[in-house]
Amino acid sequence: MTRTAVVAGVGPGLGESIARRFVAEGCRVALLARTESYIESLAADLGDAALAVPTDLTRPEEIEAAFEEVRREFGPVDVLVNHASGGAWKGARDVSLDEFERAWRVGARAGLQCSQEALDDMLGGDGDGTGSGDGDGTESGDGGTIVFTGATSSVRGRDGAAAFSSAKFAVRGLAESMAREFGPRGVHVAHVVIDGGIRPPDRAVENPEEYLDPDAIADSYWHLVEQDRSTWTLELDLRPHVEEF
Amino acid sequence: MTRTAVVAGVGPGLGESIARRFVAEGCRVALLARTESYIESLAADLGDAALAVPTDLTRPEEIEAAFEEVRREFGPVDVLVNHASGGAWKGARDVSLDEFERAWRVGARAGLQCSQEALDDMLGGDGDGTGSGDGDGTESGDGGTIVFTGATSSVRGRDGAAAFSSAKFAVRGLAESMAREFGPRGVHVAHVVIDGGIRPPDRAVENPEEYLDPDAIADSYWHLVEQDRSTWTLELDLRPHVEEF
Amino acid sequence: MTRTAVVAGVGPGLGESIARRFVAEGCRVALLARTESYIESLAADLGDAALAVPTDLTRPEEIEAAFEEVRREFGPVDVLVNHASGGAWKGARDVSLDEFERAWRVGARAGLQCSQEALDDMLGGDGDGTGSGDGDGTESGDGGTIVFTGATSSVRGRDGAAAFSSAKFAVRGLAESMAREFGPRGVHVAHVVIDGGIRPPDRAVENPEEYLDPDAIADSYWHLVEQDRSTWTLELDLRPHVEEF
Amino acid sequence: MTRTAVVAGVGPGLGESIARRFVAEGCRVALLARTESYIESLAADLGDAALAVPTDLTRPEEIEAAFEEVRREFGPVDVLVNHASGGAWKGARDVSLDEFERAWRVGARAGLQCSQEALDDMLGGDGDGTGSGDGDGTESGDGGTIVFTGATSSVRGRDGAAAFSSAKFAVRGLAESMAREFGPRGVHVAHVVIDGGIRPPDRAVENPEEYLDPDAIADSYWHLVEQDRSTWTLELDLRPHVEEF
């Protein structure tokens, strides 16, 4: 079975590693991000299994159009990675309401909207004409997987990072709520807490041991996709072995 | 010392109990809420120590004006209770982006903005002309207390309540981040997890034991205000003794 | 109403502050600890409301005898503070099995046994001849409060403190289980996470702001005892305002 | 590379699935449990890669002898699964101190002792004659993996299961402490929260969807063993997709 995956918020680093790994496992992968030149060059590198869909995740109409394009090119979505996050690294007195809102829109609101689009494919309608399934067992979809990328600040509000922490908590609350709502209906919702810095793809670092290898992170994302429905994980943490935590 | 307190999001039930208790302890209390008739009647009942300030907490300019009025009438703010929350009780497929955003604005964004206003009074400027303190010890404020009202869904994303859960998580992440940032600077930030239904003020219930008494909750809010700075609580939970949890 | 309280594991510092505060609130307080000279001198200082009961909390027969003496002198127990903890501060490779066991016995096993003794008084029998209540509503006791003293390591296993962390987690698991079992039957079980060093009673410290004031901690213990049964707290944390966490 | 694994507390069900999976991945696997006939029959079925070592995990001298035998037959230990747990399913008033202690000994104390034995192999000595490494970089071992099996009650003390909950919390505290202590020295310590019933190997169940498949659980255990040291997981949860949680 060829699965269709969407990585929302792909960039050099972890997003790219996830996309590469999913293609290597036989998925068709749609790359959603604002930077057109980057995702088109990545898609070209990945070949026919990849599709660049330039999307500003803060704009609902762009997300809607992106999923339409994905369905047209690759069919219904089976796997979604909500990977975007943003936010000025500022304290609660210094962050503006606009910066606060933007961090939440990129992380939580885009995460909800992308999930709604994906759930339409994963659950299908149930023939009652309401446009959404109601869990009565007549849904036509065959399930799927939605993974949210979290951070240390998803579980521990960080001093000096009010907007980032609050948005990351919002994403986690959304993921937990969705896991409880859609697990019984065949959709696996998971949240990964990445606790540490990810090794930068474009420059050497002094102590590489102190960073998470993005390809190794992608192993755990793929493990989540492959988990049997009798043993689904809601949350796992990942960190370098030398990380203090 | 007469303290000035702001209860943002006061209504019959817990908000009112907090306001009454704070007045009884000698505070001047500003009541912020949208329903003008209700808060004016409550203020009239509470006397000179209370001030009704009709405010739509989703409107930044109204929050700004409200705090100006509070300062003009009652002086700088010493205690803030971020008590508002909102959100359609819907699952992640059924909630609209607008409903999702509104729940977050009432809880998290208004909580941030009210806190920013209060922090200006609690921390003061530090004479460096930047308009915000920088923690170098020259701040002129004398500290204060900010309490956020949370719920079961603040710590456990609830099935079928995506917007409410996500907004409540966002508030908790903000509170934790602020506690770490402002504790060392003399502002006590706390988060109360109310785990259960609050006894309704206006009607009898069949099993009153199953509800939290809002006056009893107000005892714990006041305890947080009174805690010595050597022993500050970030989070406590409250529930009826018969609650299953 | 004069309440009878037992502080199991009293010493200079927090245990003593709790005992003093409870006496000041009108309780009769039994002081259980191994160091006879210390608790007798404290009891003499506190007057008729205090009773020194020398007890090695690692010895079940001594705990049993201690509660018999408390009942004989002060009547049935209404409040219990499980305050003892112990454990070599060693890593998992260096701690011996005996040290590991001793830390657990002082914290968790003594905590269970003291609670069993107190629950006999708090719940009473229910007349079915089995010697323990079964929650069918016919129990004769009038409830009570059991507070466990926890630490940072109760919620976060500490590097280099395997025995202490494991024992503190064991205590917290016991407290949570008991809170769920006995809350509906009228016994309030709470767990306090003390996150930081307690100000030493017998010497000056360089930066007193960095320590918790034991008298201030005792305020929160008393608040727990006084909470209305409609709003019981299972867990709260306490730390100095300058603590990094 | 052929790895030597020890499964401490193997039985029909998850322990056996783990052993089978590890053998399939090329490990030599030592099976430690009290029931001699069962583990010998399992070892016979698994062939030369398996070794039955009858061991009562409540007896320190038997654990010591077991690891000696494992080393003699299979060489130094690379992977340890601390899988045993025990405990009467009783409330805090009804459980005896002996039952409480036994649950802790099987889970926490045996977990510590087996880990100490395994760490000797994983870390080696460091040539300073003290018999234990000190993390100064001269240790001779090449690291390894220690996985603890947890349960719902590891993170949520259960009503009516005081001994089980307390022992499971104790195990989790030990695992967290060890993860922080030994991660930087090359040993991956992980804790798996199994949230639900495991499908019984020996009888049909009415609703198989409600159970975790032990072979599928073993997939996640193996994933933990295989994780790159730049991305180690401390904790993950596993549950059936229909589980309410």
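Letters are used for the chains, namely A, B, C and D, taken in the order the chains are written, and counting of residues starts over at 1 for each.
Heads up, the rule we're going with is that a residue touches a chain if its C-beta (ideal position, glycine included) is under 8 Å from a C-beta of that chain, and two chains touch if they have at least 3 such contacts.
This is a predicted model, so every value here is computed, not measured.
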>> If I compare contact pairs by residue number, which of A-D, A-B or B-C overlaps with C-D on over half of them?
In response: A-B
> If you tally the C-beta contacts for A-D and for A-B, which one comes out higher?
Replying inline: A-B
>> How many angstrom lie between the centres of subunit B and subunit D, each centre taken as the mean Cα position?
In response: 45
> Taking each chain's centre as its mean C-alpha position, how far apart are subunit A and subunit B in Å?
Replying inline: 32
>> By the touch rule stated above, which residues of subunit C touch at least two different other chains?
In response: 180
> Which part of subunit A faces subunit B closely enough to touch in the complex?
Replying inline: 60, 91-95, 97, 100-101, 104, 108-109, 112-113, 115-116, 119-120, 123, 132-133, 153-154, 156-162, 165-182
> Hey, which residues of subunit A end up touching subunit D in the complex?
Replying inline: 180, 183-184, 186, 188, 199, 209, 211-213, 216-217, 219-220, 223, 226-245
